[in-house]
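Below you will find the structure I want to go over with you.
In order of appearance the chains are A, B, C and D, and numbering begins at 1 in each one.
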Amino acid sequence: MSQIKKIGILTGGGDCPGLNAVIRGVARTAILKYGYEVIGYKYGYRGLYLNDFMPLTLDTVTGLIHKGGTILYTSNKDNLFDYQVEENGQLVKKDVSDVAIDNMKKEGVDALVVIGGDGTLTSARDFSRKGVKVIGVPKTIDNDLGGTDYTFGFNTAIEVVTEALDRLHTTAESHHRIMILEVMGRNAGWIALHSGIAGSADVILIPEIPFDYDKIVEKIEERRKLGRLFSIIVVAEGAKPKGGEVVVSKIVKDSPDPIRLGGIAHKLANELEQRIKTHEIRATILGHVQRGGSPSTYDRILSTRYGVKAVDLIAEGKFGNMVCLKGDDISYLPLEDVIGHEKYVDPNSDLVQVAKSVGISFGD
Amino acid sequence: MSQIKKIGILTGGGDCPGLNAVIRGVARTAILKYGYEVIGYKYGYRGLYLNDFMPLTLDTVTGLIHKGGTILYTSNKDNLFDYQVEENGQLVKKDVSDVAIDNMKKEGVDALVVIGGDGTLTSARDFSRKGVKVIGVPKTIDNDLGGTDYTFGFNTAIEVVTEALDRLHTTAESHHRIMILEVMGRNAGWIALHSGIAGSADVILIPEIPFDYDKIVEKIEERRKLGRLFSIIVVAEGAKPKGGEVVVSKIVKDSPDPIRLGGIAHKLANELEQRIKTHEIRATILGHVQRGGSPSTYDRILSTRYGVKAVDLIAEGKFGNMVCLKGDDISYLPLEDVIGHEKYVDPNSDLVQVAKSVGISFGD
Amino acid sequence: MSQIKKIGILTGGGDCPGLNAVIRGVARTAILKYGYEVIGYKYGYRGLYLNDFMPLTLDTVTGLIHKGGTILYTSNKDNLFDYQVEENGQLVKKDVSDVAIDNMKKEGVDALVVIGGDGTLTSARDFSRKGVKVIGVPKTIDNDLGGTDYTFGFNTAIEVVTEALDRLHTTAESHHRIMILEVMGRNAGWIALHSGIAGSADVILIPEIPFDYDKIVEKIEERRKLGRLFSIIVVAEGAKPKGGEVVVSKIVKDSPDPIRLGGIAHKLANELEQRIKTHEIRATILGHVQRGGSPSTYDRILSTRYGVKAVDLIAEGKFGNMVCLKGDDISYLPLEDVIGHEKYVDPNSDLVQVAKSVGISFGD
Amino acid sequence: MSQIKKIGILTGGGDCPGLNAVIRGVARTAILKYGYEVIGYKYGYRGLYLNDFMPLTLDTVTGLIHKGGTILYTSNKDNLFDYQVEENGQLVKKDVSDVAIDNMKKEGVDALVVIGGDGTLTSARDFSRKGVKVIGVPKTIDNDLGGTDYTFGFNTAIEVVTEALDRLHTTAESHHRIMILEVMGRNAGWIALHSGIAGSADVILIPEIPFDYDKIVEKIEERRKLGRLFSIIVVAEGAKPKGGEVVVSKIVKDSPDPIRLGGIAHKLANELEQRIKTHEIRATILGHVQRGGSPSTYDRILSTRYGVKAVDLIAEGKFGNMVCLKGDDISYLPLEDVIGHEKYVDPNSDLVQVAKSVGISFGD
């Protein structure tokens, strides 16, 4: 048993529904079950470096379970082991992790709960290696973190996408159109796969299964013959044609007009328009709407379970671990073992086969 | 490998979001993956007895994934092994299962997918014992069927209840009230437990943990001291005080005025009003709203997975089984092993401990 | 032009989605447009009597537009002109309005925005008669206040009821049931009328149109002949049979068991069960779920418009008025003219005729 | 009184939530109230030309009130008065309206209900001029049709946009970002204006009020000084800078890579990034998600009222008119008077002033 009196929390990386619910779960458990004091560092690791924090009490975390975002704010890519600071009027990169550790000591913070994705958790591991008592909580809207079956925020994201698919369906059907919806998933197609099944897509394109334009056309043609004069395509942003490259969506800023190099959704619309003359084709990129807002019931429960487990692990002295979901059980495993292991959709997995069984094409 | 050409489906028991999604999953997989013909018996087993069915084609199941209810209709308590029929002008109970089996033979139906709860699946097992090729799909809004971690409809139910709790919260807080919400769960408290955590309840009362009125009062008083001048109580319909009886909600019809013997929500309101003078208390019984409507994203996927698996089992000749969810895997187990095994909330389970960790009282 | 420097706000009566949005609209307009200071009295008029208030700044009202409830809390039936106080150890009723007026003077509060229903606004008028600079904002979930076409909260309520009707529909259809939904509306049937049309009810029963049980049975029978083997009935709590009394739902507390005298929904279920043998009948009472939670888009806009207008009227010196909606225009009229004028559904109104045109019966 | 026995309906133009609800309202009223026979022409005017129709009965319109899309399908830009047909192997444009009129006569269709926007209604007027008994029903997701206060579909669209804004808010706040949301509205800013108020936007940009980039920067800077480190901008697709051009979003198809010339959202992001270094800026284009799906409660009622009124006008012999909403009343006015009158946001209107009063900038 470790002698813990005070713990800190921080959130790193992109927004994800359930962050506040984890913070609330951590704070309430720490205060009510263990009598710990709790503080929240602001803006992720930056707060740890600047010793910028706020006390977390029952009052500050009240009402947080259904609130999107993070009351602790967050920052992207703040790595204290390779941090940009100004020295002698120049910007240089250096390891400032000891400043952070000193800050924790100074405030009497005995242990740290770090909520974040692969980058944030890599730093958590590095602090753990230096002796800091750390527990990680996995966060990724894309569900692509290794070591855990599901992460909070993912269920909310697929609910948002599925609702969008429901809306696009009526338009596709009324107009006999091909509707393309681009969803998040740069390297892993979990969102496209789940929402595509739930939203009754006809074609799902994911990074793990390179596709063939002609196979998509075949599927659309096959539907036409059955009297289905419309089709819905869900495409993960990282999906790519066989032998092709990922089409990155970006804005070219130095052009006279702001040119947005369309992502895969526009590439796809373009290519299909060359091949299909019987339908109008429309592409929508759902974007940041997938990342924010109030968490779903499923995610509220999962976030709360993660938050409670993180503090239980602290109380048990099991540091250097990340909480995770295995089946329906909350468990944990060493941070050392999870860093750098992205979780991809296995083309032979049950869920892909389920999708194919009900007639969904992956363009392969 | 069995030589299957035609399969039948039926749905029995109460409404449950996802029934149509299972039917669609079965029909699409049977038609597209295996080339089977598919028919749907109407009104559960009654349709099997009366040979009342409809063909299920790609057209008839289109758009069903998000549609609540069952296009095959359903009936409660139709047990063909002990069925009420008219004989010589008198109503008698007899075993008419052979009529059903003859009907299946007559129509060339090689196998049957039965979607239902414990009662419906008991008959499925009995038909299996008589040699009928049966696959069961578990259905219970209450999530209290043994052998499977989750059943479709449950996630939708807890979303409906959680949304109701969110709404009651604002009123409770503005008025400093105690709001009681009675939810489904006659023998098992799964809905109350999950939605209570997600909806930030202060007290959760479930059948598995008999409660003490004074403990509830204590919790409310403890909150008052912290400045929380309102409380939310979620109570499963089958929750009961220690040493007390279940308070059944029913309508006494032969009274001059329709007297509704209030369920546990009203009993609870009544008892708390004797003990607490500082708050107004209001009770709401959510009722059938929990059972119907469009399934959630989670339930659409689970229903589809169940439907696909049922047909895969038929194709593999694995009859007499029920599909189930274990962790994140769809699997199956013998109908013989699941009948009669209700699944209760274990008071020592992780989820109850999670609830207690964040400060929720179970009145125990 | 009045010389205003500081204004107060209070909210009275039951919860209603949009209260916080009005408070935000008042505060932001007062601060940003006119440079007023703003305070909020807590618990309605009680706060005015006890001089219990909080400052309202841009910070305190941030994020309020979508938040249900009222951050100022509320109280029912606190009438400062006939207020219960303790005097010489005895509870007596007396007029304490001058205490409130003194408190306003003491704090330098030049004008008051009162948000509430008929009772709350009656006191507002009485304060106005005593020279207090008052603007009223109409609040009633039931939409039954005279002088305004719509009040905030009403649209949210009918969205909640309509969603419940959508859910009940699938169950009614799958089980061939008669589903009864009791909704708010003690004296006026606006919620039942609007949600009944939107939720595709077959029968709508409202206080303004006394019904005949046999007419309801006729409608159900007529549907049965058309192959519609289910029916949905929406009944306002104050609906009553021709020549009959309103059936009040209440809990008889001094009985050994908590006996809830069922409201009209149960009375109706009871009566119909005597007359109809072909269907199961189920009743649900939606209750407080209709009053709380996040306001709809429509209500957020209406609340904001009301809040802005209230402050504009203060700036223009037009006191003693209530803001109102006429068609699509925000306007105002004297508090003296609106008090005591409930707004009922006219049985010959366009909307009732629309309902009848699409086949909805009112049981008349 | 005209002697009507049979009526036809058609839907033209883009998808819009409530189309099916209007169709249902027309059909049920025609059948139940007046005993008319009803048919639905498919694909808008094309069905009238090809005599391609389906009978509309109580059965075919059941369940339509909450179903998005149109069961009659629709087509864009099919003008029978200038229609592309093949003649002698060549595509030529000619007036085929007489073919349509002959088809109506052949089928005994006495009157026509035309549901559509300005283009579709222009043809309706032209048919009316030729003696066809026509009633128009206004449809525009953008709410920019003259002669009516609101059109169905608009309330649903602003609910979708407002929900998206709620989601973007949490991300903006957690990351201290500027989030830009581009919504529909090529010529009129109604959607941006309404959803911007409801979704608590900081800046609303609409076609009717040309904006100044520096004014937007000023607003963001002003917020920063108040401690608001994020901002939400809603921009209608047709919004433009003072003296600037509308930035049309389009895909350049003949480029090697699919180049999407970003719409105003990307232009805006680009320009603001030049001027603001303290925030990350993200743009989302909501697209077709705004046009489809199940109609809101408000739109279901409005659609039903329109449908009923259209048939009432037919029964009264008041042809050549369009139904409309004035305040809270359903009325009508001559098609001759409404064609070509777009309805724009008046910069001095009450609603723009309301937005400004609560601190929203229009960049002017």
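In this text, a residue touches a chain if its C-beta (ideal position, glycine included) is under 8 Å from a C-beta of that chain, and two chains touch if they have at least 3 such contacts.
Only a predicted model underlies this, so the values are computations on that prediction, with no experimental measurement involved.
Separation of chain B from chain D in touch steps, taking the shortest path, is 2. Using the mean of the Cα atoms as each chain's centre, the chain most removed from chain B is D.
Between the Cα centres of chain B and chain C there is a gap of 34 Å.
Put simply, the C-alpha centre of chain C and that of chain D have 32 angstrom between them. As a whole-number value, the distance joining the C-alpha centres of chain A and chain C reads 41 Å. Residue positions 166 of chain D each touch two or more of the other chains.
Under the stated contact rule, the graph of chain-to-chain touches is a ring, a single cycle where every chain has exactly two partners. Taken together, the chains touch in the following pairs: A-B, A-D, B-C, C-D.
For chain B in complex with chain C, the touching residues are 14-15, 17, 19, 67-70, 73-74, 76, 160, 163-164, 166-171, 173-176, 179, 247, 251, 253, 257-262, 266-267, 269-271, 273, 282-289, 291-294.
Residue ranges of chain C in contact with chain D, taken from their complex: 24-25, 28-29, 32-33, 58-59, 62-63, 65-66, 149-150, 155, 158-159, 162, 166, 194-195, 197-198, 200, 226-228, 296-298, 300-301, 304-305, 307-308, 311-312, 326-330, 350-351, 353-354, 356-359.
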